[in-house]
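Heads up, there are several structures right after this.
You will see two complexes here that share chain A, one where it goes with chain B and one where it goes with chain C.
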Partner chain A sequence: MAATLRNVTTYDLKLAAPLAAGFVVFFVTPLVILLALSFQTDPQGGHFGLTQYVNFLGDSFSLGVLGSTLWLGVKVTALTLLLGYPVAWLHQRSPGWAKGVIMLLVLLPLLTSVVVRTFAWVVILGRQGIVNASLLGLGLIDTPLKLLYTEGGVVMALAQVQMPLMVLPLITALSRIDPNLADASSVLGAGHWRTFRKVILPLSLPGIIAGCLLTYAAAITAFITQSLIGGGQMLFMPMYIYQQASTLQNWPFAAAISVIFLVAVLVVVSIFNVLGRLSRGYTNA
Partner chain B sequence: MGNRRFDFDALSFRIVMTGVALLALLLLAAPTVVVIWVSFTSGYSLKFPPPGYSLRWYVELWNAWQLQFALMNSLKVAAWATGLSILLGVAASLGIARSASLTARVLDSLFLSPLVLPALAFGLSSLMFFSLVGVPVSPLTLIIGHTVVSVPFVVRNTVASLAQMNPTLLEASASLGATRWFTFRRITLPLIRPGIMAGGFIAFMASFDNVPVSLFLRDAATDMLPIRMWQDLEGKLDVTVAALSGVLIVATIALMMVMERVAGLSKRLT
Partner chain C sequence: MLLTRRTLMQTALTLGAMHAFPGLTWAQARPLVFATFTGSWEEAHKAVLVPAFRKATGNADMVLDPMLSVDQIAKVNAAKNNPPIDVMLHDPGPALQAIAQDLVEPYPVEKSAHYKDLIPEAQVPMGPSPFFQVVGITYNPETVKTPPTSWADLWKPEFKGRVGITNLNSTLGTGFMVELAKMHGGSESNIDPAFKALEALRPSLAAVAANPGQLATLFQQGQIDISPGNFNAIQILKARGVPVEFVIPKEGAIAFKTTIHIVKNSPNKELAFKLIEAALSPEVQAQLMEEPFLIVPTNTKVAIKGELAKTLAKDHAEIAKKFVFQDWAKINEQRSAWIERFNREIKV
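So, the complex of A and B:
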């Protein structure tokens, strides 16, 4: 009897077969081809070897691009966490209507086209943009500042574009914390800062890690924002791959850069996943 | 004395947290507000503040056939990718949700992996794949690529809805003599429909907005809206793009409101 009841509550795994087949053909196979192609020694084909990887790892320019991309992700993630945590905190303690407003403000950038969001930053940071116009109007500067095509501009724009990815997991994490714990902490004499540092912050660690993972992965792969705000002088990994593949038609090298970038992303994702598991064990203990 | 210090502690904490939160919310809202604001300019540039206000750039949109053509392509591809994502993704979710088998866990990770992998690397590898098997890029290859990057959103939301469903409902239905198909249509589907809709909506937006995959998998005749806008912006700051952005923002807000009503969108994203 138990067996038949089990039968009605689960579905046949075969239902996943069409999508699984599609993924094997159109997702896994292309990635395998990418890997295979990255071992080709020259674009005309023929020999296989580690030439492309040696070229990348022995070239300070290429390593610089990889380094600045990974470092850009760290800066964006840190800024997003710093700005996003208070938003989740405010959402948690707001009345219903304000929760709705905060949620709308957080979700809107997530669902608005990335090109539109990035375009807005071009308007804000440009020579005749809102920041320069305000500063000139206030008499704080005499000539427009260069904000567009700077790394600070890229970090700022990416932080805004990716902030929802940080705030949403934080809202989830904060809503799971028993409010009695904060009360208990203050009854026992801890001030607000201390309660925050010793109780709220550690308990929201799973949300922080989930948010950091999503923000970091999105920031380093954000092709459009990086190229429009960064301009021609700043090169990050996605654009580097695109240039090699499209403009220079150097597929083996583009494949090798892609593999290196994929591995870098996967390493970061794994680190965050391990941290996430550790933090969940910690908060459940 | 201790009391005063306690007040200062509470006050400073609230001021700092609320202050930063408001700053962040201002930052979140600023780009949307600024784009809509400058889209009503009467001038030829995106100078801020605008020299005067008019609807001229919105009128200009009627004649911007290149943008309209790209918009239609993007809508068509997004519609196809969303349809395929829902069809394949919901079936797959039914198969893997509620199953503890290793195959199901592996498939779950596989179906969600396009979310973390750099889409540009996937786009490039797809192009290599299609050229290797001798299939020229076309709207079909574009739809296949978009489906791969959109389907995770459907799977994630549908699996979550299925996990929340109370299995006793299915047992009750079966014990009352309903067939599996009848139970699916009358019990399971109505319960997971909001999840499917939310997932489908996000999948649609992800496809509509996708650049990295489209860059590699479209043919020369298929201009996609985000790529068109991006290239317009690389060249010059076009005010028509601002008006189009205004239209897209309003459409997004309207769709979000509808999805919040029918599918509880914000609850599914947290």
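So, the complex of A and C:
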């Protein structure tokens, strides 16, 4: 052994080897296989080419499915943020015992399966569901509204199902803000709204971005909720992939769709990341 | 324990070898694996077929591994030489795919005691049919006062906004489309009339379900009042007290033969044969015909009784008359094009 001093400030990369190995075997390898599969020109295999990609990208219907899926994510994320921010804010401003209650309420949905949560929405949105029953009872409508199997219904259900993913990062971000800052702001003459806009909101931006990222990714890939609330004719990417791979056994096309979806999501995620970096600059300014 | 690079490599290599040659660890004593369908089929098979198989084989080990047809095909395809499943159960579409992909053995017909007793439609050399599935009209008797008598009743103005269908991912949805085509002068190879008829049905549609299971939920929630439906799926709802009834329309019921197959390269071929024999036997089929299973028998030695005789057919001659079997070889040829077209055209 050479008599050099051990460097204690850097970690041995070998410590990450088990995780890395697992990652390679269970994630990278299937991904590579997926990629290879997507270049097959027909399900029987044999020839390789870009046919599947040309088929998808040259088809307005398929592009429409991709577009509506990405747009669905935007709507769900916006709604989740709108509904989730006040909850996180309330958590921050509550006394200790109430904090516990709010945290429990936020976490509770995570303890039940997503199928159960989604079925609850089937019951809520149905023709004889809670929403229609109350509206009919109040005399606001004469015939039940169609809520189930509509895009609005899907957005509502997804927003609720994915809510914890938004609220938890927001709570973390808000709890890191020094409460004195708000007091200082009001001493200096800012009203509540101005304090919120100029102090709290910018400081919580990292939490907003993290929450949006998680919610967005979860919303666009939520196969179960999308198909249970959206029904059989509202086609989003996860269902499109399932249909091609499972019902039609057209694995190459399914693989190509998956790769395109993956790339599209990565693009959106990088946009979020850029926003995150900008927000850090904004915060430090 | 000291982890040297050498021991690590050895472990990795051993693990790798075990993966590459599963025979090393997977001794021949694997229990028989039967991939049945999920839900009521699994319950029925667990209650009746498994005990019968155990009795016939002197308690041989077997496992039920319920999954969809398409998943069975994917799993066997992924490990053709050492399939994780010994006996597959298929709807007609996937059955033909499995046969075309060379995943199943021909059934040893000459050895079989029951094959010759099956009704002719059920005698399939690549895998006989232990039961039929029947699709007719299901409706809510509380809101639909006069029971429907024809598929054409779905287009009646009083059902505006009350009709449910499924998309073509399911056997039920595809079979229904073929029936529609036939009603309007089309056939398995000419689906055009069905799409035209569906276009006319559009104002009536309350829901296009993603799978037949969802139709059941929609009935339960009062979202739909009438839809094409599977006889056996309806029995579960009825048993739970949901107001729903099943009728065979005058055009006949759409019938699917569900076939059972020995997987190619299965290490348990002999046991697989015995399981299928049990599934074809009159004793098992008679028991499966009883409440609460109500599964349509294919063995002519089983006398049709009870609820089945009341709603479906009183004997095998009537089955032959009332059940419409479709040509799934023709359907499979164009099914992906139909699904594509359905995706694009049917927006409610």
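FYI, the second predicted complex is superposed on the first by the 259 of 285 C-alpha atoms of A that agree within 3 Å, B and C clash if a C-alpha of one lies under 4 Å from a C-alpha of the other, contacts with A are read in each partner's own complex, and residues count from 1 in each chain.
As a working rule, contacts are C-beta pairs under 8 Å (C-beta built on N, C-alpha and C of every residue); 3 or more make two chains touch, one makes a residue touch a chain.
Everything quoted here is computed from the prediction, not taken from an experiment.
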>> For the combined arrangement obtained by superposing on chain A, do chain B and chain C clash, or do they fit?
In response: clash
> Which of the two partners, first being chain B and second being chain C, lies in contact with A:V122: first, second, both, or neither?
Replying inline: both
>> On the A-aligned overlay, A:S246 touches which partner chain: chain B = first, chain C = second, or both, or neither?
In response: both
>> Tell me which partner touches more residues of chain A in the superposed arrangement, chain B or chain C.
In response: B
> In the superposed arrangement, which partner chain does A:A210 touch: chain B (first), chain C (second), both, or neither?
Replying inline: neither
> In the superposed arrangement, which partner chain does A:S113 touch: chain B (first), chain C (second), both, or neither?
Replying inline: first
> Is A:L148 in contact with chain B, with chain C, with both, or with neither (first, second, both, neither)?
Replying inline: second
>> Going by the contact rule set out at the top, does A:L228 touch chain B (first), chain C (second), both, or neither?
In response: both
>> Looking at A:L66 after the superposition, I want to know if it touches chain B, chain C, both of them or none. Which is it: first, second, both, neither?
In response: neither
>> Applying the document's definition of touch, where does A:P238 land relative to chain B and chain C: first, second, both, or neither?
In response: first
> After the overlay on chain A, which stretch of chain B ends up in the same space as chain C: 2-10, 182-190 or 218-226?
Replying inline: 218-226
> Just which bits of chain A does chain B share with chain C as contact spots?
Replying inline: 119, 122-123, 126, 128-129, 227-228, 245-246
>> Show me the residue ranges of chain A that touch chain C in the complex, using the header's touch definition.
In response: 61, 119, 122-123, 126-129, 146, 148-149, 227-228, 230-233, 235, 239-240, 243, 245-250
> Can you list the residues on chain B that touch chain A in the complex?
Replying inline: 6, 9-10, 12-14, 16-25, 27-32, 34-35, 38, 45-49, 88-89, 91-99, 101, 103-104, 107, 110-111, 113-114, 116-122, 124-129, 132, 144-145, 147-148, 151, 155, 167, 170-171, 173-174, 180, 183, 202, 205, 208-209, 211-212, 215-216, 226, 229-230, 233-234, 237, 241-242, 245, 248-249, 252-253, 255-256, 265-266, 269-270
>> Taking the touch rule as given, give the residues of chain A at its contact with chain B in the complex, in rising order.
In response: 5, 8-20, 22-23, 26-31, 33-34, 37, 82-84, 86-87, 89-90, 102-124, 126, 128-130, 133, 159-160, 163-164, 168-169, 171-172, 175, 191-193, 196, 217, 220-221, 223-224, 227-228, 237-238, 241-242, 245-246, 251, 254-255, 258-259, 261-262, 265-266, 269
> Hey, which residues of chain C end up touching chain A in the complex?
Replying inline: 68, 70-71, 73-74, 97, 166-169, 173, 206-211, 214, 217, 221-223, 335-336, 339, 342-344, 346-348
